[in-house]
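Multiple structures follow.
Below are two complexes that have subunit A in common, paired first with subunit B and then with subunit C.
Here is the complex of A and B:
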């Protein structure tokens, strides 16, 4: 029998994995996925309690969260594309400009890989042909 | 034809409309050179209507000489209701006719004088507004409405004195005029409140006079109220402690000096006292002070006028001195029948308006020809160059000096006469009037001397013109000469026609209901006419002629040479008895010191405020390094914060 505790454990695990991923990874897309994972952990909690209390409002909330997450994804990905176009990198540490004026930027001990010189955006191949294998553009 | 009660409204409304029209003319560049038309036409029509009003009062039913216009409510608060109501009685009619008539000619003169001035439209709009304010002051039937006119006159005076606002001295003179008269006005407003309180909370003249006549308050209260009202008159009419603004006000254009600072505006104080005579007769002490201040002013201003080198300043001090005469005349109401005192003062006011306006306009004509130079030492012998100006100036000067048979002679003689009668009274206080009478006699001689000093220095001696006048200094254009001629005729003949033998003026003015009321309160039930005292007239003539003769002896060659024995006296007069310097060190400097202290104190407060604002700034300095701009760092902050929060919640719920 799967009890409420099982659901909550899974939800908590999802949230924790997302949290750890969000704070430790530096690739924007990975961070975004981690944030989504945290959201799903919360949604799972809501659904579990909704079942447990036999109250539909938790499910309604879950639907809302999924909708909002979808919108967020659209906006976030659009932002990532424009960020990538400006700096040719998806590394979050490149974007430190909002720090207090006068503070020195925090730099890694090991230097970052050199930025990609190719000015083209990554793009999908034309449909109907077998894609050629390409080297991954983003390396973080 | 016209209802007598609507005529004041028409006379009042015309200058206001003219002012609006003139200022509209200033908007379109094409109209600008016609800005004088509405003003002159309105003044002339207003003068005609004022004359009609005058005629109605002379020919109409003598039992009713007080016309009220329809009363509109201006404002009311609680049980106080202030009405916008105009009233016309012989006193107001005389003032109205004088103001509008003189103003018409001055406006005409201004067309020539101001013709290439960039502020042409502004000038005419302002004098329109000025005449409107003066008419409002004269016609108001309510203390507060009169104050509105009074303040309007003050405002226009400020704007017109500072007409050449780019000139620092003119701006300073305008400010001085405004501030000094404000000093008097503050007293006047207090007096007004007091009067309002002791007269059963009424503001209309009718109500106040009726209430005070029925239930006179105790003498000290009414004396205080009268003295406070007199403060306003002292400021506006440039009497002794507060006269310093008037000579400086000569910075404005010369026709303005003629209009405001000679003929009409400065007489507002005299008119106020004449209008409030039923109140003032209740307090002989206050009237005595009025006479003393008048006498003091007359003699001090006449002394200063002797030493001035600026033609307009000589005239300005003579205005101050002549206003002193009017106040001396008004003050005698403490001793003799109030109607005689008022007649003497107002008669002098009217004749003075004519000859002083004439003198100022003639001085303006001289100034126009001399390229705006007005220093008596820089020109002489102008009688060959400017014959019309010379003759008209001579008429005005002779009238001012009190040469027999000219208007100034008759009006001055009346004032001397009432002073003489007052000093002969056997009541206590007659001694004061003896002193004032002596002052007036000395001033009469001095007046003749300084007037003809200015005349001889300007028009006699060898022809000398300043370099500013150019190669061909010339007589003024005709538009400037006609007003001079008309006013000169008035200055010469007005007096003899209206008063000494016919008594038109005194009979007309005695009909003023409020003056009769004042007479009744003072206990003079039969009406005396002013009479001609032969001995006094001869004394006055001798004094005037002696002054003229002395001036002729000293200045006939058009230059001024001061003997060494008189040098110190002349310096004292030239430096205006050091009164400006005295005021500067006794009043202006301490106030500046207080201002400095206040400024320092303000700095201290400012410092404290800055110190308080330093606290959040220091806190910010501590917390600033946390803003690293790293997203993960912010996320960590949020996580830690949430962890702390959750820990607290869990510990509290479980514990």
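Here is the complex of A and C:
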């Protein structure tokens, strides 16, 4: 026998972790994936209740959620392309001029760390000889 | 056997401990230029996960009496939560998309444990496409070398983690508190290792389902007869007899529910799962009486006889009976029953979803096709 509470808990945890990601991360693509993960938590809830009541309505609603998620993905990715064309960046904070009046802007004070030079990449030594091009004997 | 008992304050203490560990985990894991610690974050995250699973096991018991299903549940739940954390904490969006793929796969495993094979397949197919498209976008749009603003900074890591975990903790507290009815408690003492709410005993036996399907087939035959055949045949009495044997008596118009409501209340209280099925059986029973009354009125009393109305009444009765038969087919014939319900009960919603997809497609083309000013 499967108990309901376990599945509700896992669904709630997925929703909460997605919520953390959506509120804290600044990359638009990561935020989008986190929103999709919240939807997964909701679907899990619906399916658990569907099994609990032995009624397929929950699965039907979950199917509609998948449909709406597909619409959302299409619109979101189109918006990302449009936003990227204007600002050349996926950073959501570039658009913070759209915030409410009276809120202070977020300023990044800490400098970013320098890029890590990855020395593990293989370096190919120059080997062999440059092939000689054959001189054309006759020119027109 | 040691009967471990946990009181409500102890449960709340464990919950608060797991939540605090979770907040610390996300605080240390979220990317930012200074103060990020992968080792500490991983340690706190795993500790929080272990505490959460211990709490679940102590309060709700095993998820399933079937060992294989229980093992699958713990495995998929663990993988889903770990990779969800990786998706939130990973600074590289391509790796985040990979982690999201693992989250999807393991939630699909949970769908399978919940007897939803069609939805599992649909989700894998839809999200496999979505993840590949997302990869395309990551490769196309973020070709940043080294650390960047969008990937290596977070907005308010501490407050965000606090908000999310507080949300999860409140949900868990509501689930675990005795008022929810999920964790059985007597005088504040929670018995351990008891599966309180078993899910799914087949509510309708195969023979009952077979009978229901036969009745539905008879009704379908009756829908195609003309008036004289309908009046001559004894389908009404036969169907009534069969349904009566199955559902336990079709009340006359005068009879009220006064006799059965106490039994029904007792049954509902004993097992809330039964509520939906009882309601459906009641609906079918009432509808049977109404339908046959309507057919009689439409064929005999009205001049000229209204054959269409009789047919539509029979059709709606047949649909209800088929849905009732489908309740017993939850694990098997999943696709067929979902399809039937989609196109009988939720036809309007299906049409609306189609319109929504169309509008979304047009909107995506319009938004992405517009030439913006390049900064």
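Structure notes:
Operating definition for what follows: the second predicted complex is superposed on the first by the 103 of 140 C-alpha atoms of A that agree within 3 Å, B and C clash if a C-alpha of one lies under 4 Å from a C-alpha of the other, contacts with A are read in each partner's own complex, and residues count from 1 in each chain.
Note that in this section a contact is a pair of C-beta atoms (placed from the backbone, for glycine too) under 8 Å apart; a residue touches a chain by one contact, two chains touch by 3 or more.
Since this is a predicted model, take the numbers as computed values, not measurements.
With subunit A as the common reference for superposition, the partners subunit B and subunit C occupy compatible, non-clashing space.
Of the two partner chains placed by superposition, subunit B and subunit C are both touched by A:23. In the superposition on chain A, contact of A:12 is made with subunit C only, not with subunit B. By the touch criterion defined above, A:93 lies against subunit B and subunit C together after alignment on the C-alpha atoms of chain A.
The larger set of touched subunit A residues comes from C, when the choice is between subunit B and subunit C.
Once the two complexes are overlaid on the shared chain, A:3 sits against subunit C while remaining clear of subunit B. By the document's definition of touching, neither partner reaches A:127: not subunit B, not subunit C.
Of the two partner chains placed by superposition, subunit B and subunit C are both touched by A:106.
Applying the stated contact rule after C-alpha superposition, one finds that A:64 touches subunit C and leaves subunit B untouched.
No C-alpha atom of subunit B lies closer than 6 Å to one of subunit C in the superposed arrangement. Taken together, the two structures place residues 19, 23-24, 26, 92-93, 106 of subunit A in contact with subunit B in one case and with subunit C in the other.
Residues 19, 22-24, 26, 31, 92-93, 95-100, 102-103, 105-106 of subunit A touch subunit B in their complex.
The residues of subunit A lying in touch with subunit C in their complex are 1-10, 12-21, 23-30, 32-34, 36-37, 40, 43-44, 47-48, 50-57, 59-60, 62-64, 66-75, 77-82, 84-93, 106, 108, 110-116. Contact residues of subunit C toward subunit A in the complex are 26, 30, 32-34, 52, 56, 59-66, 69, 73, 77, 80-81, 84-85, 87-88, 93, 96-97, 100, 103-104, 107, 110-111, 113-116, 118-119, 122-123, 126-127, 130, 133-134, 137-138, 141-142, 145-157, 160-161, 163-165, 167-168, 171-172, 175-176, 182-183, 195-200, 203, 273, 275-277, 326-327, 330, 334, 337-338, 341-342, 345-346, 349, 353, 356-357, 359-361, 363-365, 367-368, 370-375. Subunit B makes touch with subunit A in their complex at residues 624-625, 627-632, 635-636, 639.
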